[in-house]
Structure formats: C-alpha cells, structure tokens
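By letter and in written order, the chains are A, B, C and D; residue numbering begins at 1 in each of them.
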Amino acid sequence: MNVIPAEYGLILASVLFTLGLVSLLIRRNIIFMLISVEIMLNAAGIAFIVAGSKWAQPDGQVMFIFILTMAAAEVSVGLALILQMYHQLKTLDSDAANKMKG
Amino acid sequence: MAIIFYMASAIAVIATVMVITRHNLVHALLYLVVSFLAVAIVFYVLGAPFIAVLEIIIYAGAIVVLLIFVIMMLNLRQESVAQEKQWFSGKIIIGPLILASILLVEMLYILTSGEPAGLSENMIEAKAVGMSLYGPYVLGVELSGILLMSGIVGAYHLGRQKKKVTHRFLEKKEE
Amino acid sequence: MSDLVWLIPGLPFVGAVILIFGGTNLPRRLVPVVGAGSVGLSALMTLFIGFEFLTATPTAQSYQQVVWNWIEASGFSVAFAFHLDVLSLVFIFVITFVGFLIHLYSAEFMASDEGYARFFAYLNLFVGFMLILVMADNLLLMYLGWEGVGLCSYLLIGFWYLDEKNGYAARKAFIITRVGDTAMVIGLFILFKTFGTLNIAGIQEQAPQLWVVGSSQATLIALLLLGGAVGKSAQLPLQTWLPDAMAGPSPVSALIHAATMVTAGVYIIARTHVIFELAPIALFTVGVIGALTLLIAGFSALTQYDLKRVLAYSTISQIGYMFLALGVGAWSSAIFHFMIHAFFKALLFLGAGAVIAAVHHEHDMFKMGGLRKKLPLVYWTFLIGAASLAALPFVTAGFYSKDQILWLSWASEKGNNWLFLAALIGAFITTVYTFRMVFLTFFGEVKTQVTRVPGLAINISLVVLAILSTIGGFIEIPHSMGHVQMVTDFLSPVLPVTSIRPGIESSEWIIQLAAAILSIGGLLLAYFLYMKRPSLHFKIKNSIPHLHSFWLSGWRFDSLYDWLVVRPFVYVANINKNDPFNGPYNGVVRAANFFHRILSFTQSGILRWYLIGVVIGAILILTLGIWL
Amino acid sequence: MAIILPGFIVTLLLGGILSWIVAKQSHLYARWISLLTLLANFIAIIIIWIQNMKSPASGSSWILNFSVAWIPSFGINFHMALDGLSLLLLSLTFFLGILSVLISWKEIQSRVGLYHFCLLWVLAGITGVFLTMDLFLFYFFWEVMLIPMFFLILIWGHENRRYAAFKFFIFTQASGLLMLLSILGLYFVHGGQTGIYSFDYFQLLGTALAPKIGMWLMLGFLVAFIVKLPAVPFHAWLPDAHSEAPTAGSLVLAALMLKTGAYGLLRFIVPLFRDAAMEIAPWAMAIGVLGILYGALLAFSQTNLKRLVAYTSVSHMGFIMLGVFSFNEVAAQGVVMQMMAHGISTGALFILAGMIYERIHTRDIREMGGFWMKMPFMGATALVFTMATWGLPGLGNFVAEFLTLVGVWQVAPMLTILAAIGLVAATAYSLRILQKVFYGSPVVSMELTDLSFRERIIMGALVISIIWLGLFPQPVLNTSIEAVNVMLHPNNKVEASVLPSLKTGDAFSLREKGGSDE
C-alpha cells in the first residue's frame, strides 16, 4: 500500500472546484447555480481535510465543520430567495433578475 | 487504501461532471448525492471518519433534501427541462470553459510545483475534533451559531409569501 | 487770504454736492443760483487771491497749500496739496471767469431742460476738477483732476442720454482720452521710480541734475506725458473724439471742448516743460504733432456742414497751434494763445448755440442763412469771435496771439521752416473756413424761421466774451508795433523766455505782413466763394468728391480705428463670450460622464457577467502570484 | 479682551441658530436678530480699530492674540490672532454682512430662518479664516464657509442654481483638499525637522524647506487660494456662482469670499514659502495680468448683468495676484486697498443688479435701458460704482490700482504696461453697463420705482465708504502697513512676527501684556 501523495488530494479539490465554477458560469437556472456553489464549497472542504490529514491535526476538520455550517445556512437563505424570486418573476432565469443594472 | 482513494476520487469527479451537464434538476441532484458519497469515502480514506459521516448526513442528506423540497414546491414541469436545454447551448460553454481551464492549469501548476509529501494514515478521531472545536475554536463555534440563527430567521423572513411590492422609484418609472 | 486757496476748487464742488442731493427737490430758480453762484464766488476768490499773490509774491514765486495727506505708503507719499503760481493763475482765471460766463449763459440756455439741476451739477463738478487739475501740486492729484474732467466731459456729452448716438459719442470721447491717460499713468510710474516723488516742483528741481539733455529716459517720459496730452487735447492721432463730442449741449462744447478741458494737454506740457526741454526729440514731436494736426483739422473744417463740427475742427486746429508753439519752445505764446482762444472759442460756441437754438436745433449751415437781421447781437459778437479766430490784423486778439506763434515757429531756435510753413497755410485755411461759416450762417437769404431770441443772460455772456476777445490781445504786442510783453513777463517766473535765433528780429514785420495778407486773402476767398459766386463752391466740391468726403470724415481716422481697434476687440470679445476656459473643465465633466457610461454598462444586472469578472480577477491574481 | 476673537465667531454661529429658531415665529425676528448680531460685531471691531489707532501696539504687528489647546496630542490649538490686515478685513466682513442682511429684507421670502442661518454661518467661516492662526483650524473654517454658501446658492439662487452651486462646490472643495495635503505636508516636514509637531502658524513660520518640497507644498496652498481668488484659468466657477446666487450671496462671494483667497496669498504663501513663491512670481504675475485683460474682455461681451460684474471681479482680482507676487511694499499696500475697495465697489454693483432684478425680473441687459429717467438716484449710485470699477481717481479702487501698479513697475515694467491697458478695457466695459442699463431710450414700459429708504441707506453707506477710501485711504493704509511689511520681510522682522512666550492653554492679549515683547 502506497502512501497517497498530498498533491493528489489537493488536485481532486481543484478539479471539483473548477467543475463547480464551470457549472456556475454556464448555467442560467438559479437552482443549478446554487448547486454549483455547493460543489465549490465542498471542494474547498476537501482541501482543508487534505491539509489536516497531511499535518495529522484536527484543525482541517474543524474548518470543514465551519464550512458545512456556512453551506447549510447559505442553502437555506438561498432557497428562500429562490422561492421569492420565482414567486415574483415566474422564472428561475438568473438573467431575468437584472433590475439592478446601472 | 490508496486504490480506494483513487476510485472514490474518480467517481466523485465523474458524478460531478454528470451533475453539471444534466438538464433535469432531479437527475442532477441524484448525481450530486453520488458525488457527495464518493467524497465521503475520500474523507474516510484520508483519516477523517467523523467528517465523512457529517458529509453524508448534512450534504448528501439535509442539503440535497432541502433542494428537492424546493424543486417540489416550485412544481417544475417538463417545459423547464426543455428550457434548460435551450439555455445550455454550446456557444455559452466555451468562454467559461476556457477561463476555468486556465484557472485549473494554474492551480495544478502551483500544487505540483511544491515538494511532494505524503499524507498520514492516522485517524483523527471525533474526540480530537471536538476538543479543538470547543477549545481554541470556541469563538468560531459561537459565530457559526449566530450565522445559523440568522440563516433561519432570514430564510423564514424571505420565505413568507408577500404581496408583490415594487420599490417606489421603480414604480414611478413604470407609470 | 492765501490760506483759502482750497476754496477755489472747493466752492464748485460744494455747489455740485448741493445740486446732486437737492436734485429735483430744489426749486428751479435756485438751481442756476447755486450752480453759477458757486463758480462766480470761485472767480471772485481767484481775483482776490490773484491780486494778493501778485502784490505780495512769495519769494519762491509760488504758494503751496497742503490740505491733507492723501496717500502715504512705504515711501510712496502724495499729498492733497495745491500749488499756486503764475501759470496756474492764468488757467484758474480763464476757467473761473469763462466758466462763470458759460454758467450764466446756461442758466438761460438750459432753462427748459428736464435735467436742469443735473446739468449744473455736472458743470460744477467739471469746473472743480479742472481747477484741481491746474492747481495740483503733484502729478497724481493732477491726474485726479485730469480723470475727473474726462468723466464730466463723458457725462455732459451724453447729457441727453435718451439718444443712443450721444451715448456713443460720449463713450468714444472717454475711451480715446483714456488711452492717452494710460500712457500718462505709465509716465507717472517711471517718474516715481526715478525721482521717488510725484511732486511737480520736486521733479523739476531734480530732473536737470539727473538727466542730460537728450537722455533717453527723459524722452520716454516726455513722450508718455505727451500721450496723455494728445488724448485730452484731441491732437493727432487721438483727435477723433472731439468732433463727435459736439453731441453735448452747446455750453458744454464751449466750456469743456473748447475753452478749458481740451487745453489741459497744453497745460501739462507747459507745466512739465523742464522734462520736455531735456528731451528735444519729444519737444520736436510736440511741434510736429501740432503742425500736422492744425493742417488736418483745418482741411476737415473746410468741408463740414454742421456748424458745431466746424468749430470743433477749428478747436483741434487751434490747439494744434498751441502745441506748435510749445514744440518750438514758445511757452508763453502757447499760454497766451490758450487764453485768447478760450475767449473767442467760447464766444463762438455760445453764439453757435444761440443760433442753433434759434433755428429749431438745426445744425446744418446750408440750411441757415440771413440770420444777421434776426439775431443782430449774436451776429455781431459771432463776427468778432470769428475775426479773432481768423486773426484779422490789428483789431482782434487772435491776431496778436497767433502772430506770435507764427513768428516764433520760424524765429525760435527750435523752430524751422516747415513748421512755419504749416502754420502759415493753417492760418490761411482758418480764415477761409471761419468766414465760410459766417457767410453761410448770417448772410444770404433766410432759410429758416427764427423761433427763439436769446435773452439777457445769453447776451451778457456773449458781449463780455466779445470784449475780452478784442482787448485781450493788447496785453502782448509784438516788437515791431509797440512791444508790450505783459504775458511773457507775467509768466517768466515759471516759463522760460523763448530764445530767438540771433540776428533776425528785424524781419519780424515781414512775417506779420505775410500773416495779415494771408488772413485777409482768406477772407476775400471765402467772400468770393460763398457770397459772390455761391455756385462755385458746389462745383469745386463736385469736382473732387473723394477728397471732399475724405476731409468731411476727418481723414477717415474713425474708420481706421474702427478697423484697427474697435472691430478686433469686439470680435475677440464676442467669440470669447462663453469663456473658452470653461472648455477644459467641461472636458473633465464629459470625461467623467463618458467613463460613467462605460462602467455602468458593465453593471448589466446579469449575475454570470459579474462572476466572469470574479474569475478573470482570480486568474490575474494567480498569474501574478506564479510570475512573481 | 482677546476673548473677543472667538467671541466674533461664536456670536455669529449662535445668532444663526437663533434666527433659524425664531423664524418660525416671525420672519422679521430672524432678520432683526441677524442684523443685530452683525451690528454688534461691527461696532466691536470698530472700537478695536479706533483703540488701535489711538495707541498702536508697539513693536509687534499683532493687536490681539487668543490661544487655547484644542487637540494637544496633534499640536492643534484654537489659536486666533488679530493684526492690521485681519482687522481691516473683519470690518469689511461685518459691514457688508450688515448690508447683506438689509438687501435680503424684501428679496428673500422663503425659508427665511434657514437663509439667515446660512448667511451668518458663511460669515462666521469667513471671520474664522481671517482670524485663525492655526492651520488645522484654518482649514476647518475654510470648509465652514463653503458649505452654507453652497446651500445659499442651491436654495435661493436663480434658474441655473444647481449647476452653479455644484460647480462652485467642486472647484473650491477640490482645491481645498490640495491645501489640506499641503498643510499636512508642512506639518510633517516641520515636525520631522524640529520634533515639535504643531499646526501653529507661528511655529511653522520659520520652517526651512528644501526647494522642491517647498515648491510642491506652496503649490498646494496656491491652488486653493487662486481658485478662490480666482486667477484666470481657475475662474470658471465664479461667473456661474455669482450670477446664479441670490443678491446677498453674490455680495458675500464677491466682496468677502474672494478676499479669503487674497488674504491667504498674503498671510500664508508669502511668509511661509517665500523662496518658492519668489520662484514662481513671474508666472503668477503673468497670470494676474492675463486675468486683468481676460476678465475685462469677457466682461465687455456679457449680456447677463451679474455675469458681467462677475467678470469685472476676475479682472480686479488680477491686480491682487500682480501685487502680491511683486513682493513690493507699495504694491502690497495696493493689494490691501484693492481688497477693501473691490469689496465695496463690486459688492455695490451686485446689489444694484439685485435691485434691478427685483424690479424687472431679468438680468439681461438687452432688456434694460433708460432707467435713469425713472430711477435717477439708482443711476447716480451706479455711476459712482462704475466709475470706481474703472478706477476714477478719488474713489477707492484708484488708490488700490495705482499703488499696485506703481509697486509692480519697480519689478516688472512690461507687465505693468499690460495691466494698465486693462484699465482702458475696464473703461469700455464700465461705460457699457451705464449705457445699456441707464442711458438710451427706455425699453421697459413697466412702472419703476426709485430706491426705497432702506435701499438708499445701503447705497449711501457704500458710496460714502468708497469715496472715503478714495480720498482718505490713510487710516486703512496705516492699519495694515505693519502687518503687510512683516509678511513681506519675515526674515528681518521675524522677532516682531513671532509672538512672545506662546503658551498653549493660555489666553492673553498683547495689549494687556504691554510692551513685553522686546
């Protein structure tokens, strides 16, 4: 059994993060965008876990818990916003919500 | 153990790719669950069993369920899938893909340019996490509490059905 | 008594203040009493003070009175002080007496005018300022008087303000003289820098020690002072304002634009003669300007239709004679001619005013005629004035004063043949246009009905001035005829006696004979052209239409200045009206708006658009991180 | 005695608040309170002046001095001092302040309380600027005077008031910020050299500056002052602000606020940055001459009466630029005279424009003419002030311009000649005012009433002042000469200019200390 190189864990995190980013950029559906944000947050969490594992310290996991907390709060508020938006604009198109343009 | 890590990583990446290419929201969510589960395995392999469990319970469980609830509430029909297809055209993808790949290449470059180091295989028990969580990070815990609290209040407040109100400035313009 | 010198200019000011504040509330009968009375009192004061000054002349030949310290700042010190000597005494005498007569005349002449009190207020102010001018102990105070009379001249030319034309003439007069004044002010700066004082006596004392004859600085200062003088005295090249200044009421033309103010240039040159003597080039320039002006103005006078414009051009021409006299160093002759000119020119203007008032404000001489019978007193006094202007030999004052200038322009050490020739031709033209005027106005058939016959006040003024224009000449009679030299002797403490080229005294009678012949010849020519063969002058006129209109327009100086100065100024002012310096600032505003539009374009409201920005930013930061 | 210096400002500030409050009861109360406040200050300053004339402060140009610590940790003192120059400008401020309340008596009918509040606060700011000897406090008052003025224009101005108010605000504010930078720069340079970090004028007076730093710091101050003055490339705000402001606003702007720029040049630029100022002096003088000619040229072509008068201000302020940077004592005296005379004459012309506007509701001179017939009294006063504008000897402006030019001639004859040509142009535009407004045939058929009793008092006071300045300028010159000379020659009179035994937290007066400053 080989030792897993730390870089690999971080590469996994970056790949997932990039995928989430791509999704965030190409999607117009706001729920998809929310999902993408979750993916990106999760990827960030992976990076913390990898780092924690490398130094054999619990701090990485503590950070993950904080991220988790934040993600949960974000999803709840974000979904509430999506509900409001859908109620007002009758669409999930994020481009429709452009009343704040300059 | 390493082979499990590689497999789980591969599954996570493939599942995530599937998530971001689906037109149907529910399908995408199912792949998302798969992705989260794979990541949970990765966590377990990296010696974070407590986190692996949390990942399953909260991400794959709570958050995804929340999303599904919302989708159900919105009562999306088949048209939304069609519309999603229409929005998901090839032309829009190119730009973000190029940008994202540049970003990825740069990140990979940075990650691989350092000294290679192995990961320890020691398990970090939930107790150690708990000790440090309520030890040095207690302030962060309390802040998280406040965050969750405000998240709940905010979600409740925003989620209420209100009359359609437009801002007075916009109202004037519309007249 | 001498302590009351300040009262001489003070009294007219008091009168002016009463008239200004009394305004229309003052009873109409009281207005001339205040106006003429204050000047009359001033004239009486002059008599007393002059008598005392002459009987008990101070050893310094002059009397100073500091009224108060005007300005004193870090070495620059000027007092509000009066200086009385024989030169200023002559001027004060003329100003107050002629001024009083003209006030008297105006009391009747302007009686029905709406701005009766205003008129007298201005006139009094004028007399006050003029007296300050000639009595000033330093050049700055003189400048105060100088500008003050300019202001009054402006106000009085534009007295009938409802007519735009009068306002234009007034502004023209003021601005043109102001050009000269500015040159003079610059002269004052240099004087102050050189001498550290503006006191006239001080400058006169120091100048010969500081400068040699012909020093460039003296020349520069003299030329700058001359600039002021030609402006005020309507000499070449700033003469164009005077004919237009006739827009004012006739008494104004008589007082300001003939007798007193326009001779201020003569006064200042005589007053600063020390500087001019140190600057022969400047002095020669004075003579040349005088000679040229008297010719140019004379020819213009030949062609005018307007009675008052003829007189205006003749005034320019006569002041040209005074400048000529100054230019050849005949200081006292210039002052003598100034005095005589003040008498007969005031008389002529007042007579012209009476004539014009009599014929319904008609100014064109060709529409008058035969007024000899209707206005006998005006006719006789006018004739006396005209004869004096034309310098008819022996009986007129003008003959004695002008003859002296003619003689000295040739005989003086600084004189020369050309100046003499110009003066001689000028004398001939003067007679021609003078009698052209007399014949056209008073002889021939009656063309206009007389509606207003002058009353007592006008008649008194005319008669007194006519007497003065006749006997005034006898106080200075040339060598060849009896040799009376009252003026020259009187002025000798202040003005040096003209030195004559040696060995030519005996030829004086030839000059006199020539002058007499010329003036009588001119009279005959005018008689022939305008009485005997009236059609002939039309023929002459029609055969030289261009020359005629050229002279009529005063040698086209007006259009020249219009093209050279007025139009460019107005043009530049108008193209700049909206202040081009706003441009850069508006440019800044426009740039801000431009960037505002560009940047607000990025605020599309589309979420992904912002995300792209975030990603690009992240890429940039990472790239920088990798490179550095 | 010295407590009177902050007292001036405090009474104005309190008077402003009080009139705002009582305006709810009656507009008349607000007017009377403002009037009485200013009157009290005026009387006080005149008493100080008379006392000073009777027994001039010996050995020092400073008459009164007041200083308490404000923020000692930064070296900021509440330091005010009065010398001849400030004394003159303060009397002008209060005198014209009284008139500005009087001319608003009928003109301002909306938000009267706020109006008087703004007016008094502007005057308080100006008073502060003229008095303060602490650069931080100076900047503070510089801003205090700006903001109420902004509202005066914005709320009570004419049609285009928004544009004018913002333009005014941006110009002065931007330049003021540059000055703040320079003040801080000077503070740190001085602190770095001596170890004493202080904003006090007298402390900073002897600061030795490297030529380059000195130049930049000087430019910071200079920009603020010549925008306020204004010198020509920076004058763009002035015609708009002047022509759109209400009458009292134009009066305060032209007669007082411009003087703060001139005052700043004399008080700060010349003594603090002598070398740098000497270096740019030829350019500054050229700008002055440019201003004289350019202002005159533009004044000639304007058709808006207030705009026309505004450009005459630009022209006259050129003389101040010219005079200050000639570094000549006579010219500096001329500058002081110019401040006073211009304040009165231009102020009077703005008042006249305001009175005409009240009668015919236009500022366009093409719609005026022949007013002399109906309003001879107004015509006569207008005549006096247009005469003053072109510099008739015997009126204040002549003394000012002549002294300035005589002084400048000693250093720059060519520029003097150009400036003198400006006098001819001044004649042209002044006479144009008279011709277009008062002469010619009447074009307005409406009933015009001549000056009322209140207006006669205003104009009478101004006419008397301008003639007094023209014929008896000596009291003014005597009052300022010491102060001006100290500013021009800080080196050889440095003992006289530095106050004896300066102690923070200690209010004292030189007069009370007697001749202790030997």
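Keep this in mind: contacts are C-beta pairs under 8 Å (C-beta built on N, C-alpha and C of every residue); 3 or more make two chains touch, one makes a residue touch a chain.
Since this is a predicted model, take the numbers as computed values, not measurements.
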{"item": "Chain at the geometric heart of the assembly (C-alpha centres)", "value": "D"}
{"item": "Chain of greatest Cα-centre distance to chain B", "value": "C"}
{"item": "Whole-Å gap between the CA centroids of chain B and chain D", "value": "68"}
{"item": "Mean-CA-position distance for chain C and chain A (Å)", "value": "96"}
{"item": "Euclidean distance of C-alpha centroids - chain A vs chain D, Å", "value": "64"}
{"item": "Approximate Å spacing (C-alpha centroids) for the pair chain C, chain D", "value": "39"}
{"item": "Touching two or more other chains - residues of chain B", "value": "95-96, 99-100, 103, 107"}
{"item": "Shared-contact residues (touching 2 or more other chains) in chain C", "value": "612, 615"}
{"item": "Shared-contact residues (touching 2 or more other chains) in chain D", "value": "none"}
{"item": "Pairwise chain contacts, counting only pairs that touch as defined", "value": "A-B, A-C, B-C, C-D"}
{"item": "Complex contact set, residues of chain B against chain C", "value": "95-96, 99-100, 102-103, 106-107, 109-110"}
{"item": "Touch list for chain C against partner chain D, complex", "value": "20, 23-24, 68-76, 80, 118, 140, 143-144, 146-148, 151, 154-155, 158, 161-164, 167, 170-171, 174-175, 178-179, 182, 185-186, 188-190, 192-193, 569-570, 572-574, 576-577, 579, 581-582, 584-585"}
{"item": "Contact set on chain C toward chain A in their complex", "value": "599-608, 611-612, 615"}
{"item": "Touch list for chain D against partner chain C, complex", "value": "167, 232-233, 235-236, 239, 294, 297-298, 300-302, 329-330, 333-334, 370, 372-373, 376-377, 380, 383, 387, 392-394, 398-399, 402-403, 405-407, 409-410, 413, 416-417, 420-421, 423-425, 427-428, 431-432, 435, 438-442, 471-474, 477, 481, 485"}
{"item": "Residue ranges of chain A touching chain C (in the complex, touch as defined)", "value": "21, 24-25, 28, 33, 94-95, 97-102"}
